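One structure is given here, and the rest of the page talks about it.
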């Protein structure tokens, strides 16, 4: 999809009235990059053309291509630049190996964590078994378990996302 | 998809009235790059990536990927020409066909042009013969012959640069 | 012969480059600007760009092609198929300029290229031609002759061309009056010659063709026949060798007719004699002789072990054929699927574009003729063929199974292709049980398949 | 057998996928994260990523490889060559987990993998082993035995491994004292076992090896021999089949010895028995048995028509070999060049990187085993092999000519390769006239070539 010239004009007007020195907007195959007051142009990290063919499931949460999938211009303008790139959905914890995913230390035992559990960095989240080798997977940051992506005893690949942690604020 | 010239004119008008010093707009395969007040032209890092691997000798003057397919020149004219990516070494005149390059209308006759000759747009520069078919190659702009790239009676390919014209100032 | 100009593109250009490599010949690819980085260009020893992507200013320009051969010191030229391959002007221009044309001489091509003349010659030799008319002046002459010969239903056909262009089925005088002018105009546009004629239309027919090879020493052989009945709108989609389920008399009759016709025409090089087999009456009629290597030549190569393109080169060098009729045997069964960049569920709408990923199956009895690779572009300027997938197995059932596995292992990302269509056709009992007729895909298979969703 | 886990990468993974396709088996590639988009991955029916690029955490992890097979329901596993292919632990783990290991059983592998034991067995069978020592405790024991057996010049060799690692030529007791510890440490590092022994060093030798196949029904055959004398620092660069210029007694002696040894070891699957031929004395000595399919197996396939990898699969399924000794003939001559991503003029410095363009020659008698395609990456994590270029022609001279043409038509953009080296070697009179010895490349060819500039 593309923006119409009229839509681009609206975007430009909105941007001009804003206080930003740089802007980069990509909608489908349309992109707009702007700068002023001597700021260098924010040349297109987000332009999809520039990206190499993305290998399937990325090992970590993608840091969100700058402003890429934004459908309406206004919110972009009003968003603080720091918001750009922080994934709202949390930190993906991936499997250190191919193997079998276990949520509990042994059959019948309660699971290490549930969705909503608060965890400290270093807490065990789950186990990935390779043959009889048990690999503890621990939380990289403190926070809350946002999602568990694999059913108990499911087969997992190296790099596959197992658990998402929403980091504690601060 | 591409923007029509009229759509581009609208966009340029909007930009001109704006306070931006640099702008880069891409819609499908159309892109617009602008700058003013001494800012360097934001020639898109993001864009050439989208282009296919550049085939050797380009068929037409590489008149800057930026404004290439735009037929409506007005807003561009207001820019300093150097900023628009005009090649400083002149306009490359390329062969319209595979064939044999002839500098004169017939053996023994004086060549159409020499390096340094002044030419008007439309003047014959050389001939490319395909079998017995003679194809006149004419100057696309007025100027001075900067270089002749092929020896008389040399074989040429389609798209090969034959002559460079340094356009007349103005 | 030392250096061959390949005046074509795509998979056939790569195929010709391979044959030249085998024969120890250098190659120059004459291509359009769109094709300078393609696989065929890189397989060739050298590339010369002859014009812009538009075929009229590149692959269809006799002058540019011959100029390319002359400027690159080629002493021979292979035209592939399509484009200029059957244009006597190219063969003649090569002859005039001292370039060996790898194909029939211009005068032979003129004789075989005029379908009406070829049909007369066939009739003179006692080869069934199914009646039909001479070239027609206007609709009224057509109506009168159709009446006189009791031809309905019949086909209006272009004298100068093939591929279904200008071809229309008519079932009555009114039909004929309504369609005559359009067919003639279509023929004029496509071939530069608006001459059309009428031919009896066979409702349930198979398209069977015989591959012949002829040298300049008077040797003419056939390499057995191919069945190309799996068509849609006269476009071949799946080809097989041999044609199964034919009475011996019909098969032998076609093979013998093909050789006799080639001999009578003084034919030289590789050629294909096409027949229609009426499956109700078990009779064949001659259709036309194609004076070029054909898209589907690999199935014949797989079952006979004879390299058709190398034989073309041998013949052009003045050498005798490397094979004689008694030494040629047809063993096993071969099938070719034309993988096109088309959307079979959307009326075979072309789907040009960039092929992000291409993975062809590798295995014994699997041959892939293609110009596609990772990152290749299927250009909207040219035909939609992506690849020819060819399999060879001990019998037809095994060949179908192998092709189904090969199709399942062919991966194309970035464009749509006809792979799902091929897999569905080969998966039907009807196709597996018995040879199909030329209208089966359109009248029976496609309606059921499109209805069925998956 | 229904689904095979391919526990390898690169060209051999693609080669195994092809054999599985031929045998009607599904495939799962167990690969590192670096290889998930490679050709081998796309040729397989499924991919499972077992670890990061580092081989220790992926291709060299028995646990991960077996876990990958179990989690993807594979009932068989092919280890390729290198990595875990000759590790009895993998074969044993497969056996324990009900996975058919496509290769020799663990206990057979242990027997053949210990070079000293294999040499003893050979000596017991009357196969020449060239003398040499048992495993040595320390440098002084080595010096004493070398004196006693009059072994100088001799080689220090690792008992557990191959590929030249740990191997050193020593010409005196001082030499031996100076090198012993380093060789032992190198062996320990490379194979986890520092045991070394001494073997007489032959100054002018050819490396000749016999391909054997053995099934579980007691059938053992050989597929003739290969000459792999064109080496640099014990790394094979060019391999040929058959080995030419050998007296019949030597050739037959090696073939017979190979079969007898395999039989005595209870060998199963494909294996290679390596010999050194002393070209001055026309004698051979047994070196070792490699219990895997080897890089150079294609030259044997080309001259015999036997598919070594498919035979491995047949044997693993418990079927008898598809061929018997009387039906195996060696016809013509085949050569393989290993195209590596190395700069031959800069001491074969590895040149990993992205292959911008890859064009392999196409033609009769030309086979290209590779995982490379446009845009492929030669990863610094793994070996530098880009492709194996294999040709087959009626005789050695024709094979050399064909290889030279094939090398000239192989295009690799983006990385440096050993292609110029191969073309230069094949272009020398010395290589063409007669088989070379194992030191020829280093001692004669390279100095002259590097001196010569281009």
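We call the chains A, B, C and D, going by the order they appear; numbering starts again at 1 in every chain.
By definition in this document, a contact is a pair of C-beta atoms (placed from the backbone, for glycine too) under 8 Å apart; a residue touches a chain by one contact, two chains touch by 3 or more.
Here the structure is a predicted model, which means the values were calculated and not measured.
> Please give the intersection of the contact partners of subunit C with those of subunit D.
Output, common partners of subunit C and subunit D: nil, no chain qualifies.
> Please identify which chain has its centre, taken as the mean of its CA atoms, farthest from the centre of subunit C.
Ranked by distance of C-alpha centres from subunit C, the top chain is A.
> Where the CA atoms of subunit A average out and where those of subunit C average out, how many Å apart are those spots?
53
> Compute the distance, rounded to whole Å, between the mean C-alpha positions of subunit A and subunit D.
45
> At least two partner chains per residue is the criterion; list those residues in subunit C.
none
> Among the residues of subunit A, which ones contact at least 2 other chains?
53
> Can you tell me, using the touch rule above, whether these chains form a line, ring, star, complete graph or other shape?
ring
> Name the touching chain pairs, please: which are they?
Result of the pairwise touch check is A-B, A-D, B-C, C-D.
> Under the definition above, what is the set of subunit D residues touching subunit C in their complex?
So the residues of subunit D touching subunit C come out as 14, 17-18, 21-22, 24, 39, 42-43, 45, 307, 357, 359, 361-364, 366, 373-375, 405, 409, 411.
> Provide the residue numbers of subunit B that touch subunit A in the complex, in ascending order.
1, 3, 7-8, 10-11, 14-15, 18-28, 39, 42, 44-47, 49-50
> Name, in rising order, each residue of subunit D that touches subunit A in their complex.
Listed in rising order, the residues are 30, 32-33, 36-37, 48-52, 57-58, 61, 63-64, 66-68, 71-72, 93.
> Write out the stretch or stretches of subunit A touching subunit D in their complex.
Interface residues on subunit A, with respect to subunit D: 53, 55-56, 59, 97-100, 129-131, 133, 155-160.
> In their complex, what parts of subunit A are in touch with subunit B?
The contact residues of subunit A facing subunit B are 2-6, 8-9, 12-13, 16, 29-38, 41, 43-44, 47, 49-50.
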